[in-house]
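Two complexes follow with subunit A in common, the first pairing it with subunit B and the second with subunit C.
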Partner chain A sequence: MLPEITLAALFLLVSFQLIVARRLRTAVGAYQLQSWLLGGIAIALFVHTHLTELLLFGLLIVSLKGVAIPTLLRRRMRVALSAGRESSYHVGFPTALLLGAALSLAGFIAASRIPSPSHLLPGADLGIGIAVLLLGLFTTTARRDGVLQMGGLLAAENGLLLIGLVLAPRLSLLIEFALVLDVLIAVVVMSFLLARMREEVFSTDTSELTRLRG
Partner chain B sequence: MIDAALLLAVLAVPLAAAVATWLVPGDDLRLILVVPTALVGLGLGLTLVARVVQRGRFTAFGDWLYLDHLGALALLIVTLVSALAALYSIAYFRSSANVHTLRAGETRRYFALFHLFVFTMVAATVAGNLGLLWTAVTATTFASAPLVDFYGSHGPLEAAWKFIMLAVAGELIALFGFLCLYASAVGWLGGSYNFAIPVLRAAGPHLSPTLATLGFLLVLVGFGTKAGLAPMHTWLPDAHSQAPAPICSMLSGAELNCAMLAIVRVLALATPAQHGGSELHSALLAFGLLSMAVGVVFLVSQRDYKRLLAYSSVDQMGLIAAGFGLGAPLAVFGALLQMLAHSLAKCLMFFNAGNLLLRFRTTTISEVRGMIRVAPAAAVLVLAGALAIAGAPPFGLFLSEASIVAGGIGARAFGAAGLIALLLLVGFLALVAPFSTMVFGEGRADPLPRRAELGAAVLLPGYVLLAAVLVLGVFVPGPLHTLLADAAREVRR
Partner chain C sequence: MAPDHEDRKAFRELGDGASLDRVHLGCHVLADAVGQVVALLVVLALAPLLKGVIETGKARLQSRRGPSPLQPYRDLRKLFGKDRSTTPDASFIFRVAPYVVFATPIAFAVLIPVLTAAPLSWAFMADMVGSGFVIGIGGFFTNLAAMDSGSVYGGLGASRSRFVSSLAEPTFIVVFFAVGFISGGTVPFVVNQTLFTSSAAITPSHALIAAAFLMVVLAETGRLPIDNPNSAQELSMIESSRLFEYAGSDQALMEWGGAMKLFVVLVVWLNVLVFPPGLAGAVTVPAFAVAIATLVGKMLAAAFLIVVIESALAKIRIMRVPEYLGGSFVLAFLGLVLSTLGR
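Entry: the complex of A and B
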């Protein structure tokens, strides 16, 4: 149980890196590390339980989310990434950090009220999963930059997969494959829209997109 | 065996059409492909619905595919709306009045995504595995968001971005709900079981009540975002007004129902674990009433007719949610009929919006006047459609709305039923008034040359829909009544 908790704690820490990241490059790196850690948790769980589906799931996450998606992001976002442009929040950075801490706490409180049917992973991991889901969704709503909004959704999805490892560790691998594939398609469609955004308003700053009202 | 083949075919036809559209050379071939795809898809859909009506629900491929009465109703809506929207698309983009005719690359992109969008929606209606259901509903977002941005200018881009961000955020929350639902049956079925609708139905009252309730509430919030329920509806008026008119009709007429179908499916699965409790239904009713209220408030203050129709969708999806939330047999029956009638009427109204845009080149209500004098055949369709969508008597929506209100009164939910009736009345006025001034109003002279005349091709799909909505209001045909009644039995508590 020890490696799973340690990896999960690092997983949460890296998610905070995503919250405070001022550069897109840092955010993509944080997402990549987060995915590797998630894959690591699944593989560590496989070592304990010898359930083959967990090994396959871990490898799937590492290859798709740890390698393929970050590579795709770096390639599609080369212009935006190399600009090293600082990205801001609708709120200030300190406020964002505080809100992030509050959301993590909320995640742990919520997790303590959810009965966990399997005991493959400690309950703390459920709290971390919910916390990362909330942190990701918060990043999506609070960031101005489209690339980082997408990063928030991807991070939230990682949190969700950790929740899945706690609540439904033996869910059919085919379903999990479909879920992860869905994310890959999401990234392709969103990068397409981000590329369109750069054509249209010469940046991926979504505060330019406020014409439709009422 | 035949059922399995039919289910496979109804999925394969739009998917194959999408691939073929992408691969074949030349726009003529792509356009020719649209008509048989639409008709074959509709034929297969109707055949499957008829089989469900005659012989009850069935599964195929080890519960991966599943069609019950509820799914059949959604399949009927999706295949009908998408077939007519496909035909209208051709008429709309080829109309001499359209300033935006499709260029070479655009025909390919439009119809490939169109067929793909239909495929994802059909998949959502026939999914038997809950993981597949989530994946299919999510995939509808990815197929439709690029279509919202089809015109490729500032407004559509903003709409598409808001749509995809909020829809995906909602879908992730819904996935959390599905995971809770999976966990709720682990105690009864063991750690590794087939996460299929029939399996969970059979587990019924043995689900963990806490996890099942939590699962439903998360799915309600998550897919409620995609179904346009307030307060998560904020993307909808943008996406459903900025897309090309035929796409708007699919978004409002078909896609919203796929998300609602998923919510109702989870409601039906989670209810037995409640042992007669009604928390789930109360939550659905509360979201429904709030959505109606928000929808109606924005209807009253709307200046753009496409946004007016989009807010009407928020209002109507709220009504459907409220009908299911009331839980009384008559109200649930009304909500199901409302799903069908609203889809047909809203599809008709977005075809009308397309025709108005073709004729007047504006979406501002105050700039369109005296349509009855310049385009009488289209004006009649606009007026009749507005009355239908507002719920005036001879049309289908009147029947379904009356059923929902009567069901509420029968269940002694007087407050909710009264509020629904009041909101329907205000909504009626807010919808009919702007369209009637657009049709009859005295105003400036017709600014457009004669070449902006609307042809019969853009009017015909609308008249087909009008006839269907009218038939639903006069009498519900026998097989359809069976379908709705059996679907209601699958849902109610």
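Entry: the complex of A and C
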């Protein structure tokens, strides 16, 4: 069997780990693993196609999203947040899991309607990309905690990159570089925002923000 | 669901050529019966050993000496030597339940590939869903008997075990759908042949389904993330609190039946979903010797896996059980989805 589809299946599983994570530490670990898997998919594609862009892209993902961003997040967490604290959903965890399953099904159905122009990756990978995108967006909307909402956004971004890999594997490296660096900037900005929020309301729980303060 | 004639025909063709003369057929039937009986004896004899090996392994991993792997046999002998006692409130269900619990794993073992890769004569009595019902009867009667005994803990255990089983059921059904989808049949022997021969390597959907099935097997047989089999605290028990009112030979039958249930369900996991090689192709003495030896090897590996899982994980809170089983459902569901895409 192709290693890409196996890696992609793991990629999807790790995204579910991100959905059920109760602790920030677990969520960051899941994001890191997800980024490594995405880089692995790009590198496995390089082995098949010998496109140098793919190798560079894979290495870029691994170094930035697999090493730099998780390290940044961990350091931020150590300074500002209690990483061991449990966080919850606006819905229950089992409901979140089932909604996640429904969303991934929706992703697969959506992918089956899109004709895949490249035949480098099997169609299942496109479905997995869309599913992860939806799962990430779902996490962003349904989580209470700001840090985990950011985690959802980052996961959605990873799904988007997988979709990009399927639809346009020969994208110019410059664009990819800009994309990935943007995420790094976004993480920095968002972590400053979260630190600021914690100073103001003593928590990163966004449901606290609905209270009026005089 | 009635077993298919198509499946049966397929296997006549898969088998060692159609030898249609009567004498040969007669030999075939006899050999089938012998093979069936040997498989049942293997289940009866090895099930307590599996339980013993798991206990010893867990003790060793915790740096204890632990009981000998043969301890369950000694327990059974001791229990069979004792008198039965029944609560005065109990009805006939309480007295019948041990026999049902003892008999259902044996009936189940007829339907699954314990030792042979090709189906024996009784294998087409039920498919995977049907055999799920068969194994479910045992749990149903245990629950009835636990409530019948009038003990508080029995009722508590029965209610909790229904809670767990009702959440495990969707996963079982999705797993059956998925393997049925991949292999085009739901008789365990067909499934095992197709999964075994169609692709040499492990596909993601196959791995997901196997993982989901193991998760529900652990939940259904009262193993650790859900229920601690070694617990001595009545309030936290699920499985063992249902057996509280039994004594003597009744208790022996209940415990033996429970051990066999774990054994046969693990046989399904091993021989149908994970690693079918080693099964006997025909009913001959050397083939069966090899099959029994590989089954013991596979069971040791499974026991080791269970020991590691049970030592690594703590029991989860009862209200988090839906998350665990919901997770297994999602795994099975993704396996199903990926299997439809992968073709």
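Here is the rule we use: the second predicted complex is superposed on the first by the 204 of 214 C-alpha atoms of A that agree within 3 Å, B and C clash if a C-alpha of one lies under 4 Å from a C-alpha of the other, contacts with A are read in each partner's own complex, and residues count from 1 in each chain.
The criterion applied here is as follows: contacts are C-beta pairs under 8 Å (C-beta built on N, C-alpha and C of every residue); 3 or more make two chains touch, one makes a residue touch a chain.
None of these values were measured; they are calculated from a predicted model.
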TODO: Using the superposition on subunit A, decide if subunit B and subunit C clash or fit.
DONE: fit
Open item on the list: Between subunit B and subunit C, whom does A:D182 touch in the aligned arrangement: first, second, both, or neither?
Closed with: first
Open item on the list: Quick check for you: in the superposed arrangement, does A:L13 touch first (subunit B), second (subunit C), both or neither?
Closed with: second
Open item on the list: In the overlaid three-chain picture, which partner chain does A:S63 touch, first (subunit B) or second (subunit C), both, or neither?
Closed with: neither
Open item on the list: Taking the superposition on A as described, I'd like to know which of subunit B and subunit C A:S104 touches: first, second, both or neither.
Closed with: second
TODO: Could you tell me the angle at the CA centre of subunit A between the CA centres of subunit B and subunit C, given to the nearest 10 degrees?
DONE: 150
Open item on the list: Going by the contact rule set out at the top, does A:A124 touch subunit B (first), subunit C (second), both, or neither?
Closed with: second
Task: Distance of closest approach, subunit C and subunit B, by C-alpha atoms in Å - done: 21
Open item on the list: So subunit A touches subunit B in one structure and subunit C in the other; where do those two contact lists coincide?
Closed with: none
Task: subunit C-touching residues of subunit A, taken from the complex the two chains share - done: 1, 5-6, 8-10, 12-13, 16, 20, 93-94, 97-98, 100-101, 104-105, 108, 122-124, 127
- [ ] State the interface residues of subunit C toward subunit A in the complex, per the touch definition above.
- [x] 199, 201-205, 207-208, 320, 322-323, 326-327, 329-331, 333-334, 337-338, 341-342
Open item on the list: Quick check on the complex: what are the subunit B residues that touch subunit A?
Closed with: 129, 131-132, 134-135, 138-139, 142, 145-146, 149, 152-155, 157-162, 164-165, 168-169, 172-173, 175-176, 179-180, 182-184, 186-187, 191-192, 194-195, 208, 210-211, 214, 237-238, 241-242, 298, 301-303, 307
Open item on the list: Please output the residues of subunit A touching subunit B within their complex, sorted ascending.
Closed with: 114-118, 133, 136-137, 140-141, 146, 149, 153, 156-157, 160, 163-164, 167-172, 174-176, 178-179, 182, 185-186, 189-190, 192-193, 196-197, 200-201, 206, 209-212, 214
